[in-house]
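One chain, chain A, links the two complexes that follow: it is found with chain B in the first and with chain C in the second.
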Partner chain A sequence: MKNASRKSSITSSITRRKLLKASAASAALAAFPAPLIAQTKPFAGVTLHGASFQHRFFTLLQKYIPEFEDQTGMKVDLQLSSFPVYNQQANLELSSGGSAYDFVNVTFILAARWVAAGLLANLDEFTGDANLTPAEWNPKDFVDGAQVPYRDAKGATYGYSWEGGAMLMGLSRMDLMEKKGLKIPKTFAELQQVCAEINGTDGVSGITSFQLHHWNLPPYIQGFGGNIFRKPPGDIMPTLNTPETIQGIEFYANLLKSAPKGVLTYTEDQARQSLLTGRSNIFIHSSSWVTPILLSDESKVKDTSRVVRSPAGPVHDYPASNSQGLGIPKNAKNKKAAWEFIKWALSPDISMRLVKEHGHSSICRRSIITSEAYRKLNTVNGQDLGALYLEVLELPGKGENYMAYRTVKEFPIVGDVLNKAFEQVATGQLPVKDAMNAAQDQAVAALRRAGTQL
Partner chain B sequence: MSESGIDAERRSFNVWALTPSLIVLFAIAVLPAIYLVVTSLTPFQLTNPGSATDFSSPLRNYGLLPGDPRFVNSLLVQAKLSFWSVLFQVLIGMGLALLLNVPSRFVEFARTFFLIPMVLPPIVVAVIWKLIYTPDISPLYYAAQALHFTMPALTSSVDFALTAIVIADTWEWLPFTFLMVLAALQTIPDEYSEAALVDGASKLQIFWYVTLPFIMPILVISGMFRLIDSVKAFPLIFLLTSGGPGTLTEVTNYYAYLLAFDTNEIGYSSAVTVVMLLLVCGISLGLVWMGRRREALA
Partner chain C sequence: MSESSLRKATPGRLVAISVTLLILLSPFLWLLQMSFKSNDQILQFPPPLIFTPTLENYISLWHSAFSASFVNSLLSASLSTALALLLGVPAAYALSRWAGRGKHALSFAILVTRMAPPIAFTIPFFLFYRWIGLLDTITGLVLVYTSFNLPLVIWMMQPFFDTIPASLEEAALVDGARTRTVFTKIVLPMVTPGIAATAILCFLYAWNDFFFALILTRTNARTAPVAVVNFMNYEGWEWGKIAAGGSLVMAPVLIFSLAVRRYLVSGLTAGAVKG
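This part shows the complex of A and B:
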């Protein structure tokens, strides 16, 4: 009986307490309804679907996604596939006007086509709205060269870059070069000389490379004044047999005579390994492949290495660069939620955390690249790798966009023909002129077969 | 119940029992094949919305094929690769089977050992040969270096690239012919060779006049099976040479892959694949015809 009365008194006191709390909450809600909700879980119940190809950036980002989910209340379903598989899926999804994804990776080589075909949402609508994008997010902070592929002819933005690749030259055996009195090559002619003179010394190859010739070759072709297309993106007539292109191909084929045996079938990993172990002296590729000679624990040549700008051609100094962006499909169901994710993923805060906590350096935000923390982490042996990276990444945004050849939808077809033709030249199957004349005919025929008006 | 009644009941049971399998087979094999043929009648390009349903010129892709030097070249490369790899697989498989057709524990172990390459996943086989053919990490090249012998880079050499694929393909699949021939050898009654031996026949004569006629049908059938299968050498080509140098090892299925996955020409790639499918069907029909002819002669 005693117990029963105590129980009843506790129940009544809880009920009173609860009632008071509930009344206070109701009053607060009545006074400030919307802001309170907005500050807590504005996207509660939303599942955001996104897709990209597998990349270290996303693997790292996935560690932070639970924080984003906590902040916003939404669930992020991020599908990562291999590069070719993702591109096929995304192409099909966007071309057919699907709405399966709320955000997608805007692949560099497909960006121009997706932007021109109106398959992506105009992100200026989000960055232009102060309610959706705070001023400190600062869209202009993204390196201009990396942003070029994601703009249309009128300058509207359809993607923001999360990764940049800037072509640099790594030299692993400066000790050998110094012994021979060789300086770091700054021109194509000097590069040729250094490679030939080092090749075979101490069992070291002059240069290494890998089988993706349509990435490695164009800087040489452009360096001699040639190009892959006449004037991309407007005029996409292939120019594979011009004297300048032939000169570039011939030069690169000669350069590879100083490369390890079997270099034509080398993968990027094999080439990097060859550089990291000092078996090859020079490797010219995106910074993330070259800078490990200075930064990686695997490197056996840290003390004898340098990373510098790749040499300039007699006509142009056009080191290759690329970027990957995040964008929102035009028919996405949750555009605002998708923008929230992009804004968060590419925020200065997350970018800096990627740099500081994981040493991830291929960021496209100028404020991060020029920050003290980034500089500190990326300055090795007195070399400011960040400054080099930024310099190369900026180039296509200054004056002529010389990387435009790579973002037109015709490039994969012509690039494949170029790969095959170069191998024929490098292995002596055909003289360079014959190979490139045949390549030109094949490229034109293949483009026409694909329905391109030339 | 009458005998014909029992037959009808059995037929009915068989039809019902087979129906689920037939439905699955139809869904996973016939429907995609139909879709492949339909797609081959369009200029379908992933980068060109609407092209998947453009049937305005249905035979355009097929009309372009004879004038495509890479397609024609890919058929020739496939023919060369198939001829040499099947020939070696049959000859070496037969040789091994003859050598290992003796009752012994060691030989039994050796037989098992020779079957390993065939049971490995194709991509593992490709990786093994990639290691063997990569000059800076390959034991083959270390050995050559130790013997002061300079070896070219096999997979990027004009003279050796296709041979390198033939060697790897032969290594992978000769256990199949070996197993088939060994099974055939074990069905030959001993009396025939013993009688020939009594008549003074040499070992070579016994092989030529007694053994070979017995195993010949198996040799032909296993060769035909391998011929059909040889168009599937994709992992080796993909990992070892990527069709290169140039187009020297670019077989038809690799070309179709490049068209579909590298250059997004799905319609044209489908036409290439349909032609390949027809060629394989032709060989299969030949195999069936040969089997029936043999039964009729027997």
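This part shows the complex of A and C:
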């Protein structure tokens, strides 16, 4: 009965005028290729929700996103927040099983935690499917050292890196060094000597640094043969009071005697500014913080600057490096669409456009970093900054992954303890041995409180 | 300050007052002068005290998402304050006039929500809000702030109502006034200083909240304190914008406090002394 009445109402609603309209529309559809375009947009109607912290990469990428939306038919809603705000919100969203995001930034320091907890989708399922990923996308093109944080113990990949940071040494006053007959330091001992001899000359400090000690310190600790953990990621027993670690901490604390007053509370900005204005001679930090002495308009020391590899320790030459990746949450609603976005955002084409059109250099595709266009843009005063960047970024992928200490989920806890202990040493509140013995006990206790089996 | 107390202002006292004021105001003045400097000037060492001021930071704030966050803050703080007063003032009045046995137990139960630190409620709120779709909404923030401000309103207002003699209300009732009229025309005007003081505290709590706003909002309902933190970028902090944002965040509280300062002192002390 119901069906019959519905049928009659439908029939009555089809009028001659409507039929004519429908015929005209069919003719128009046949005449123009619009339906074909629609068919090539498999994600039409999809709104992709993604989140990351604010970074120049995304600011630049946003300019190209309309092209991507046009190609795929999907709408991209990219939420950008500050670094601490993003990490807090994304961590909560993912760890509580949320599905608000289709793609996320996998922050370097959170990568191991998210991968180990199974919060991210295995991207090998996408790269292994020829229908989803063409061969030319080539996942192996990403610098191996930058990819290490995004792999699990079995080697499965959960993120692809969009940004790399490689520790380099910037020297702002080579003119002063030459006057004093000093050469670019290649070892810790030479570094100590150069810093001490330059400090105070012409009002210039020997070295500058900033308050994130657990980023600055480990290369010195490792340089003397120590580490933060016994053998990460497998053995995460803290090793903050070994003779090697103590030697590294003592060395760095002595080095900072040649730094400006208040350096222990300096932010990265303040340290960079003191380098760019020639108030400090040496700054050892990620390339994007150091290379502005050669590239930035703000630099007052372009003519007297050099950017080189950071000095090697007596045991190891382990400059720090890091990377940021893009991944897909395990509970994402639009995984295939999210992969389409990641594939596009990290494609060789977009990477090259970022380099050529915006001079953005901190990318992780080897083919782009070694390209002629990249080399041309990043060679300043005869210094091939790209080659330096690639060399350092690759190191953790060769042989021992010495950056593993930073990608284990226990690092933030131990890193905080290390920061406080170093401040006690550098300000002379405690002798280094006492401070580090206390730090070791505190780190072990804090990890146990957090439920870590040691 | 009265005329007689002014006469007593010895040079020593004036110096002490000036030094105290300088200490109290110096963080605010430092922030304010930073907001008129460029990032380069802010990072200069030693910091220049004489400089050409620029409005660049305020202009770029105006054109950024900060302005929307500022409106979100105004909305969530004002609405939650109004709602807390609307519900809390009658509740305080009822508690004040109620002579039943469970009065003290009920008053204590109302205060319990203020005893636990906000972090204890954050995750339940987050999960519940996600479930019912209130995440990243002004409504969600208003409800959270109201739930935290309501006990404060009840506990602050009750002593004010206690000070009003019941005979006054009884007289009005004898004259033929209805209960609602007694409350709105006789009782409420007498506790206006209390309401003003309570409103300021409620507004301050909601306005200055960072934690709930951080967890419960994303981009649509982001409030001003979270927006200020958004200038701490991975590639460097935008000091000028942080200072300008911080100065702007302080402005409404300052204006609001000045507007009701007549009631503020009497409001904050009357309940405590008479209650």
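To be clear about the criterion, the second predicted complex is superposed on the first by the 415 of 454 C-alpha atoms of A that agree within 3 Å, B and C clash if a C-alpha of one lies under 4 Å from a C-alpha of the other, contacts with A are read in each partner's own complex, and residues count from 1 in each chain.
Simple rule for what comes next: a residue touches a chain if its C-beta (ideal position, glycine included) is under 8 Å from a C-beta of that chain, and two chains touch if they have at least 3 such contacts.
Bear in mind that the values here come from a model prediction, so they are computed numbers and not experimental data.
Visitor: Chain B versus chain C on the shared chain A, clash or fit?
Guide: clash
Visitor: For A:426, using the defined touch cut-off, is the partner it touches chain B, chain C, both, or neither? Pick first, second, both or neither.
Guide: In the superposition, A:426 touches chain B alone.
Visitor: A:298 in the overlay: touching chain B, chain C, both, or neither? Say first, second, both or neither.
Guide: It touches chain C, and chain B stays clear.
Visitor: With the two structures laid over each other on chain A, which partner does A:279 touch: chain B (first), chain C (second), both, or neither?
Guide: So A:279 meets both chain B and chain C here.
Visitor: Pick one for A:54: touches chain B only (first), chain C only (second), both, or neither.
Guide: A:54 sits against chain C, while chain B stays out of touch.
Visitor: One more residue to check, A:288. First (chain B), second (chain C), both or neither?
Guide: A:288 contacts chain C only, not chain B.
Visitor: With both complexes superposed on chain A, which partner does A:81 reach: first (chain B), second (chain C), both or neither?
Guide: second
Visitor: Of the partners chain B and chain C, which touch A:98 in the superposed model: first, second, both, neither?
Guide: The second partner, chain C, only.
Visitor: Once the two complexes are aligned on chain A, which partner has more residues of chain A within touching range, chain B or chain C?
Guide: Between chain B and chain C, B touches the greater number of residues in chain A.
Visitor: Quick check for you: in the superposed arrangement, does A:270 touch first (chain B), second (chain C), both or neither?
Guide: both
Visitor: Clash with chain B: which of chain C's stretches 39-47, 201-209 or 255-263?
Guide: 39-47
Visitor: Which chain A residues are contacted by chain C in one complex and by chain B in the other?
Guide: 84, 88, 92, 96, 260, 270, 274, 279
Visitor: If you look only at chain B, which of its residues touch chain A in the complex?
Guide: 43, 45-49, 51, 64, 67-70, 133-136, 152-153, 155-158, 240-248, 250, 258, 261-265, 268
Visitor: Which residues of chain A touch chain C in the complex?
Guide: Residues of chain A touching chain C: 51, 53-56, 79, 81-85, 88-89, 92, 96, 98, 100, 260, 267-270, 272-274, 279, 288, 298.
Visitor: What does chain C use to touch chain A in their complex?
Guide: Its residues touching chain A are 39-40, 43-45, 123, 126-127, 130, 135, 214-215, 218-219, 226, 229-237, 239.
Visitor: If we count contacts the way the header does, which residues on chain A are in touch with chain B in the complex?
Guide: 84, 88, 91-92, 95-97, 110, 113, 117, 211, 260-265, 270, 274, 279, 409, 412-413, 416, 419-421, 423-424, 426-430, 442, 445-446, 449-451
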